[in-house]
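Dropping the structures in below, format is structure tokens.
Look at the two complexes coming up: chain A is in both, with chain B in one and chain C in the other.
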Partner chain A sequence: MAKTVLITDDTAFMRMTLRNVIQKNGFHVIGEAADGEEAVSKYKELQPDLVTMDITMPKMDGITAIKEIIKYDANAKIIVCSAMGQKPMVIEALNAGARDFLVKPFDAQRVIEALHKASS
Partner chain B sequence: MDASEFKDVFAAEAHEYIQALNQDLLRLESNPNDRAALNDMFRAAHSLKGMSGTMGYQELADFTHQIESLLDLLRIGELTATESVVNTMFSAIDSLQNLLEKTLLEEELPDLEEVTAELRHLIQQRNNLESNLHQQDSKEQSTMEAQIDIELEDFDLEVVRAAKKEGYLPYKVVVRLLPKTLMKSVRAYTVFQALENIGTIIKSNPPAQELEDEKFDQEFALVLLTKRDADTVKNTVERISEIEHVAVLSIQTESAESERRSVLPRTGEQVVNETAATAQDLPVKQKQSSSVTSFSRGAFVDRYIRVETERLDGLINLIGELVISKTQVMEIEADQLTDNTKNALVQLERITTELQYAAMKLRMVPIKQVFDRFPRLVRDFAQASGKEINLEIVGEDTELDRSLVNQIGDPLVHLVRNSIDHGIETTEKRKALGKPAQATLRLSAFHEGGHVIVQVYDDGQGLELDRIKQTAIEKGLLPANFANDLTMEQAVELIFRPGFSTNEAVTDVSGRGVGMDAVKNIVEGLSGQVEVESETGQGTCVTIKLPLTLAIIKALLVTCGGQVYALPIQSVRENLLAVESQIKTISQQKVIVLRDEILPLIDLNEALGFGQLDYGDTLSVIVVESQGEKAGFVVDDIIGQQEIVIKSLSDILGDIRGISGATVLGNGEVALILDHNSLIKGRSESIGQDSINYR
Partner chain C sequence: MNNKLDFLQELGNIGASHATTALSQMLQDTKLELTVPKARMLSFAEAANFIASREEIVVCIYTRMIDMIKGDMAFIMPFSCAVTLANHLTGDDREQLNEIGESALLEVGNIMLGSYITALSLLSDTKIKPTVPGIVIDMNGAIWQSILAGAGVTEAVTILDTKFSTAELELSGHLIFIPDNAVFEALYQKVSSCWKPEETL
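Here is the complex of A and B:
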């Protein structure tokens, strides 16, 4: 059965791009969240196998959301998505429990590699 | 993907890389065998190339690639850093800088054909050489895939031995990232993080700091102590993304000791679970030993954050407001307060002051940022003028406000040009005079009181009094019949006059229409002072004295015509009450005689255009000094000292003579800050000419 993915990003454009890449490569996008709060509540509701998490978002940022999700499920498989120049945040996210990171602009292959590695 | 949002970061980093290239090239010039400098340069060029490509700046990436190729040849020893090579590199870096600026401004890109051709020519030279030596040099073919090695020091071997007794196995792990990996340092961090879960990392090459700064190509090596087997180690790393290749090799400590302590002795090495074809070459390459430091994970967490200066300025401004309202609270009559309140207020005052200093420190940057450009500059000037100059830099860690750092660069460049062009003699002349052939030029910075002192010193010939006199006469600054020899003081005074420049011919180095008066204007615009000390035949020292910060200053508050004004306290010498008998009139100028000194009196009310004060029996006079000239400001009353936050008016009102800014006082009232420099200057010039009336 295809692994389920929850996409978190505050821009619709990025969610669309990611959904496109992920769906085409044998994963199933089970839901989308536009901010950290939504990501946490959708994680609890949908129990996805994988989460992609943007860092800079309104309401609750990605790092806080990662902490919240890990608190709820220590085995959550989260991949943090960052822009260039967000190195300290990426490290913080990894320390908070993210499994891997992606740097924008995304390379489709990298996205899929990260999903595979995180879910294995 | 649109990269334009990263442009600012790109620009800042690209400038840092170019600066680094310049610095390292100077190192290389002084020591053509400096491998560390070459490696640093190679990495800088490589990173810059990658960044430029990501931004879509193809020309920049291509040109950097040329530089990188040449550096690679130098690095692997196929080309020697001769003088002509170094000079070509210097001009290539200049072109690179130019190309970068034009690219960032989106202007027409410069023509780089000439310098590109020179670079190609050098690269070609090596290729010819290579084809000649092709036969005997075949083993160097695979040089491009340089492998990282790692060496253990005695101390590390101790650790390894001790760990072995505890049942830990030492492994060398060599990791190669995929070519296009972004945020390599974070990727390296994930490798460290994963391995720290199953063991302890005791070393890495490059060292942790360099990994953190992304000063590595695609490969890094580390030494891991773990109780797991090699397969587990390998699998752990392979589960991480963007890893092209992992090699895990067990370390044989005993044979390592016998074989120059290399972790990878050519014999007795056990290649574990090796899949890639390159594995066989692993231990051979990377002959130079690289410094390796022990590693703790904490080292990886960033100790610096980049903050927009605008945000910092916002913070400083808010703290300024806080200081003002603190002052407001402190003005409440003490007898209206309980002891508890008073204690709390003292506490508040202390914390506010500390906060203010802490915030000011945020804006402080080392003067290194300015000094760093001088080694290159001095080298170029020295070469152009055929003089031998040794540049000494002292106190480059001295910190000052970043707005000052930005503005002090140009005056310093000018002073250094002056020293080289006018001060320092030619090598022949120095020899004839019995001076060391190599002249000394010293840039120094240090803190003194609440000031930063920056000095430019040279051991040249000092100010040329005769030439200065002659030029001054030609320029009409001295009467044609001026017969006496100039004193040094007079000469110093003259060179600061607008329009003075002793250089007849506009040379490449100096005399570009910026004179000492421009230097003085800039420095005084920063509330600073310039002084020149010079001794004939011995040298010249120019001292620039700057305030630590521009944002908050101590001021003396005075009233005049019902208005409150602030005078920067550093310019105030004393306050006094003058009686009428002390006031004299010389050439229609009111003056005050103070301890045998005659000071012109400036009626502030009048100078600011409010009509004359009604002089009573006594006058409140504030003695103010500006560049060695004193004057007495006549005011209605003196309020006292206070810290004020300077708010610029020039954005709104333009420059107003006599006023340098405004501030908000504790009671909410606005006070104008007086520009004592322009007030005194306007006055003393008229006194000097004995002709303008004191209306």
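Here is the complex of A and C:
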């Protein structure tokens, strides 16, 4: 059975791009969230196997959303996909519980590798 | 003053090199060339007159840096270039922007600004917190007015012009960086203690 993925990004274009890449590579996109708050609520509702998470988003940023999701499920598998590749931000995300950190624009292959690695 | 401009030029070069790689990837391996002309520091009055045509419709993607390092950053391109870029990214052939086209441009701007912010973070060894980027389509003059007004107490405007081109597309744009003056002084002092302009030539 295909692993389920929740995509979190505030731009519709990036959600569409990620959806195309993920669906073509054997995963099932179970839902999309446009901000951190929606990601937390959809995580609880949909119980996805994996989550992709943007950092800079309205309402609730990605770092806070990672902390909230990890508080709810310590085994949550979250991969950050952000345009902000600052070292302190990468460290903060990993410390919060993210499994990987991809800097946009990402290579499709790298996204799939990260999803496989996190789900194994 | 020259050293400060050299410092900004170096920031621009590093940011541009990150941005070139990023945009080239987004354009799906289209050969992309990007140049960064010399950084210019202008007074507010000079900046207001920097615009070639106040009436020209442009697309602007902007963000504000909050927290330790404060400032404003915007990526502005002529409307026709924005439509070309959006069509290229979405596979459409439109004369106007639709919702997904605007979203694609917002993401390009986000990545371009993110590249510069990452370079600034690297040079200053400081975490920079940007606000959620926004996109606006308006007359060049109106956009400049709101950028300058939003910059608050800043006395000088630093402009890093970017011009990029591809074999298939002719695109151009301005990347505008307006550091908060007090923060810029502190940042320059911090970085200049370990950075000598002549070493980078």
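Here are some notes:
Operating definition for what follows: the second predicted complex is superposed on the first by the 118 of 120 C-alpha atoms of A that agree within 3 Å, B and C clash if a C-alpha of one lies under 4 Å from a C-alpha of the other, contacts with A are read in each partner's own complex, and residues count from 1 in each chain.
By our rule, contacts are C-beta pairs under 8 Å (C-beta built on N, C-alpha and C of every residue); 3 or more make two chains touch, one makes a residue touch a chain.
Since the structure is predicted, the reported quantities are computational estimates derived from the model, not experimental observations.
Once the two complexes are laid over each other on the shared chain, residue contacts for A:M14 go to chain C alone; chain B is not touched. In the superposed model, A:T56 lies in contact with chain C only, and not with chain B.
Contacts of A:K117 after superposition: chain B is touched, whereas chain C is not reached.
Within the superposed three-chain model, A:D73 lies out of touch with both chain B and chain C [touch as defined at top]. By the touch criterion defined above, A:V90 lies against chain B but remains apart from chain C after alignment on the C-alpha atoms of chain A.
Contacts of A:P105 after superposition: both chain B and chain C are touched. Applying the stated touch rule to the two superposed structures, the overlap between the chain B and chain C interfaces on chain A comprises residues 82-85, 87-88, 104-105, 107. Residue ranges of chain A in contact with chain C, taken from their complex: 10-14, 16, 56-58, 82-89, 92, 104-105, 107.
Chain B meets chain A in the complex at residues 1, 3, 5-6, 9, 54, 180, 182-183, 185-186, 189-190, 193, 239-242, 300-302, 305-306. Those residues of chain C lying in contact with chain A across their complex are 22, 25-26, 89-90, 99-100, 103-104, 106-107, 110-111, 113-115, 117-118, 121-122, 126-128, 130-133.
Looking at the complex, you find that chain A touches chain B at residues 82-85, 87-88, 90-91, 94-95, 100-101, 103-107, 110, 113-114, 117, 120.
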